Amino acid sequence: MSVVDRPIASPVSPEADSYPTHHFLNHSKGFLSWALTLDHKRIGLMYLVGVMASFALGGLFALMIRIHLWNFKDGWLSNQTYNQVFTLHGAIMVFLFIIPSVPAALGNFLLPIMLGTKDVAFPRLNLSSFYLWVTGLVLFLTALSVTGLDTGWTFYTPYSIETSQGGAVLAATFGVFVLGFSSIFTGLNFIVTINTMRPPGMTWFRMPLFLWAVYATSIIQVLATPVLGITVLLLSAERLLGIGIFDPKLNGDPVTFQHFFWFYSHPAVYIMILPAMGIISELMSVHCHKGIFGYRMIAYSSIAIALFGFLVWGHHMFTSGMADVTAVVFSALTFTVSIPSAIKVFNWLGTMYQGTVSLNTPMLYALAFIFLFTIGGLTGLPLGALSTDMHFHDTYFVVAHFHYVMMGGTLVAFLGGVFHWWPKMTGRMFNDKLGMVSAIIVFIGFNMTFLPQFVLGSRGMPRRYATYLPEFQPLHQLSTIGSLTLGAGLFLALVVLLLSLVNGKKAPRNPWGGATLEWMCSSPPPHDNFSSAPTVGDPYDFSDIEYDGRVGSYVKRS
Amino acid sequence: MNFILADKVQPYAWFPDGASSFVPQVDFLFTVIMWICVLFFVPIVIAMGYFMWAFRERPGYRGSPEALHNNLIEITWTVVPTIIVVWIFWEGAMGYLDMSRIPKGTIDVNVTAKKWQWAFKYDNGGEHEVAAVEGSVVKELPILVLPVDRDIKMIMRSDDVLHSFYIPAFRAKRDVVPGRYNYLWFHTTKEGTYDLFCTEYCGDNHSQMLAKVKVVSEAEYQKALAKAIQEPEDPLERGKLLYKRQGCSTCHNAGAEGASGPGPSYNGSWGKKVALENGSEVDFDENYVRESILNPQAKARKGYGKASPMNSYAGKLKDEQIDALITFIKSLENTAAAGK
Amino acid sequence: MTAIQETHSTTDHHHGDDHHHDHPSWLAHHFDDAEQQYDSGKLGMWLFLVTEVLFFSGMFCAYALYRNRNPEVFEFCSSFLNEKLGAINTGVLLFSSLTMAWAVRAAQLRQHQLLVGMLGATLGCAAIFLGVKSVEYSHKWELGLLPGKFYVAQLEGHHGPHKGYLEMLCAVPALITFLLAAYAVYAWATKSIFHQRVAGPLLTAGICFFGGVLLGQYLEAQEEASKSHGGHHEHHAMAQGHVDHDSHEHAAASDTHTHDHGAPAVPEVSPAVAMGGSPDVYVASEEVNTPKAEVNQRSMAGLFFSIYYCMTGVHAIHILGGMLVISWLIIKAAREEFHEQYFGPVDNVGLYWHLVDFIWIYLFPLLYLIT
């Protein structure tokens, strides 16, 4: 089928093609044209809907947890139900939301366009990744509805071997296995695309930083996820065949399971945060209308984080009685990850310096990210230091720390990214004022939820407790109020996005003034992205991009 | 006696009161880290706010896109944090090595963790006491009595799944792993009563797997040791004690006491016919109680076949002790089943 | 990279109304040229192989950990594995690697007949491998050498009753071979060259499986015979002496247990599962034969067989997967789809096949040749 689109390299007459009549959304119609699509943009959008639905489900569980903890005892859930709820909250958020959120949803949509290619290297594999993800979702929902999964998202043995909820454990571990392969194939696809399909002129150091981040993420996905695959496979064999590798009753060792599990799951933390950092790099430079400060440092630090991330898994077992030397080495390695992360924060600040800062919804989310991620990163220090970790390990301090990183970091960046690229994906502008209100509510609600948890943790409140000592009640209640605020803010954000589809203005080609290739396409982009190879320039050269009031869009001065 | 931690600690303290020799190092390191964090965080936020204002988009202003790179600044903000984290690492590792090197001449306590109770056994073979706690989720908790100003070593093992032994006031924590012994030591510095938590998720009543640590003077400790090996003469009293001490109360309800699950209540069962999971019925009598203690899964009650399985007490209870428990359950013959 | 740029300058002219017209059917629309497509496929395959290696590495780690902890268990249990069968299978797989490499060459040179033949030979070797493996598995199951908690060898003795496991394992292949035979008859009846080219190699492979089974049975019987002469007591000693050990497994293992922390007397009998029974104990104790009593029980030997079945089982699943894609290649090759510009699929499946062989080359000495 031929596509009506002009090559973007040619001189642009903005009025004519700012609002295309033919684009990837209406390229073909019908359910099957979506279900069987090989177009990375449609797959990306389907992922986006999927991960947002999963997030809503996981968020609902989170609110159930917080409401239950309003009173120190006799909450509205039984202990057993509470355990199932926090398990599902964790498992859904980690495996179904955070890991696929940025790479699979935004990454799929943006990677080929930012890179200047027609599609990813293996479109069929890409679609099958999506269906693997759907299969994983179904298996998780099975675990949820048939019986309750109550092992915690970490599936620690021997509890996961002994628990009476056997069917649920099997369904969930198989779900994790399938989701793992979904993640591997996505990563593999991205690495190959970036390596072999860059158009002429797109050298490594002309790639937008988001692509560097996705590239680093993909490396982790490909190298770490198989180990999770074999671990959960052995765990299901443990349940089905009683192989005993992780079962102390059969001379197996439960701590070995923890090592296997965290060999994946710690790098997975960087699968979650690296692409978020990539988003922030894009957002900061575009909305400050200034090139990113220290491009190479940010690019290198992404790769450094990806590599160091593989060496630090042991800090999850500091209290398990590992040998002193091992603990000390893992502690030292853990601190190496903190440096590249710190560098990035400073570079983002440097980007603002002498820029032209537009305050809008994506920018507010980006600023919230820097604030929250800095707290999350700094509170990692007492957890990485061995002697203080003996006190904080498995307390609410850890809970607050990783929520600041994963939620305050990844989720907030994800939201910022969704707002930032929403006009590009849907062709509609959202209500910026309401969007900013949502960002402020999310920010306040988030801090109110998780700051008290630092105090709870330092005073000794252990995590995963369905009931607790009465003295912790005021802080828990503050946290619960915060979580409801947070929920309201997130709901508002969703409303803002959905409203834009109904009554949003048509989005121009380049509403924010970005210089990367996706802003050279129409909004929404045509089916094949580029009918001929685009001209690739410096992704952060804003000197010739100006606002043109006549078309309501930024244009490249020629 | 009042065991609520709130009475001992100022309600809004950042850390609970410290009572072991680890406290100074941990608290010092944490305080320093916290101030370092503040020193980083506050300038970052101020810079963010200032840049937001000073370089805001406004008519007639256009920022300069020049400042893209500055080697000196970039090297500085790489090297300075590196030096700081190296120090934090060193300090943390040294503190940890002190914690993991167990001194000679400790007082040993055997700790057994199982779902969902702690059991402590003193050197002399005596077992821990159980005492009532007001205002807590669990009405009665095991009490571990320890002497002040001594090195104590915990020899810990688990009967079933992973647990973790944690006393916030001592800043001490160690996982209890089935299939091996894990050790934890500390030096008590202050008399008082402190909370003990399980911090590794272990199932339904994980949050009720609590205990109290009572640090007392040497004389009182000796008294407690002597008392620990006694059991009352009266079978009913003895049964009541065993009900708590052996951890029956963590799963079974008796009178108004004990957890309401996952095990069946003792109330009002004696002498009746009870339905079993396999469909048959059995007399709830001495033999049934005895068998259920020694081989709990043999005749699981209806509706409890899928509950978390109870461990066998074979070899853990003497015949007289089982007799005492039977006497105790018998005494609940006419108690109405409370709650569930 | 330069090649890609060159082709770009040529394709640049074709934008607009019909940019597909310079794309042959074998070149996906989003690739610029054959080279880019080939490079992408190759890099993708290598990355996939990396994930495969990491997938297996989990089990190799488990192997290393438990062998390090209980070396005597591994030495003892390894004696149940038939080295001859393992060696035959190693040879078969090595040969199949050769035929696979030859197939790639044939694809590049448009030698379509030879390509189908070589792919067929590879498939046949894979079938022989699985046939031999079936004999090994069924033989062990009959002895009760099962994984983990199902390990019952110490109860049933060496010559357990024949339970027909082999027949069970052969049922599905027999059905498939039967269907393939029917297909072959159809192919020859209709005189379709394409169907004949497909049916021939597939049916041969099906028959090869049973060839492998016969070979395996013959060698296994030979081994039995030599055992009942020479190493008779080796197996029987354990088979008889252990019925009574079952009841107090824990006690049996406790004396081999020394604590890695050098703990003062621990008041209760340590569980058999205690960690870190340091290997030096066994090296010091004069012979590995002595602790067999403790070794041949569920909590010890069971673990070895768990690892054995996991590793060889996952490997066998990979062989099965390889057979599926090779069959797919045979169909494509029968249609004469491959040529010097388009042989990526053969090349990539070849890479995968070499990796599967390669893993076996590690498994064989690690599991079979310990003693």
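Letters A, B and C mark the chains as written, and numbering starts fresh at 1 in each.
Going forward, a residue touches a chain if its C-beta (ideal position, glycine included) is under 8 Å from a C-beta of that chain, and two chains touch if they have at least 3 such contacts.
All values reported here derive from a predicted model rather than from experimental measurement.
Centroid distances from subunit B, each centroid being the mean of CA atoms, peak for C.
Nearest to the overall CA centre, using the mean of each chain's CA atoms, is chain A.
Here the spacing of subunit A and subunit C, counted between their Cα centres, is 37 Å. Centroids built from CA atoms put subunit C at 46 Å from subunit B. Multi-chain contact residues of subunit A (touching two or more other chains): 248-249, 251-253. Multi-chain contact residues, meaning those touching two or more other chains, occur in subunit C at positions 271, 273, 275. Shared interface positions of subunit B, defined as residues touching 2 or more other chains, are 178-180, 183.
In the complex of the two chains, the subunit C residues touching subunit A come out as 4-5, 8, 11-12, 15-19, 28-31, 36, 39-40, 43-44, 47-48, 50-52, 54-59, 61-62, 65-66, 70, 147-150, 271-273, 275, 298-300, 302-303, 306-307, 309-310, 314. Per the touch definition, subunit A reaches subunit C in the complex via residues 2, 7, 117-123, 125, 184, 188-189, 191-193, 195-197, 199-200, 222-227, 229-231, 233-234, 237-238, 241-245, 247-253, 256, 260, 528, 531-533.
Residue ranges on subunit B touching subunit A, taken from their complex, read 4-6, 9, 11, 13-16, 22, 25-26, 29-30, 33-34, 36-37, 40-41, 44-45, 47-48, 51-52, 55-57, 61-70, 73-74, 77-78, 81-82, 85-86, 88-89, 91-100, 135-137, 160-162, 164, 166, 168-169, 171-175, 177-180, 182-183, 195, 197-208, 261-262, 306-309. Note for the complex: subunit A touches subunit B at residues 72-73, 78-80, 83, 150, 152, 156, 158-159, 162-164, 248-249, 251-255, 288-295, 297, 319-321, 324, 327-328, 331-332, 335, 338-339, 342-343, 345-347, 349-350, 352-359, 367, 370-371, 374-375, 378-379, 381-382, 384-391, 393-395, 455, 458-460, 462-471, 540, 542-543.
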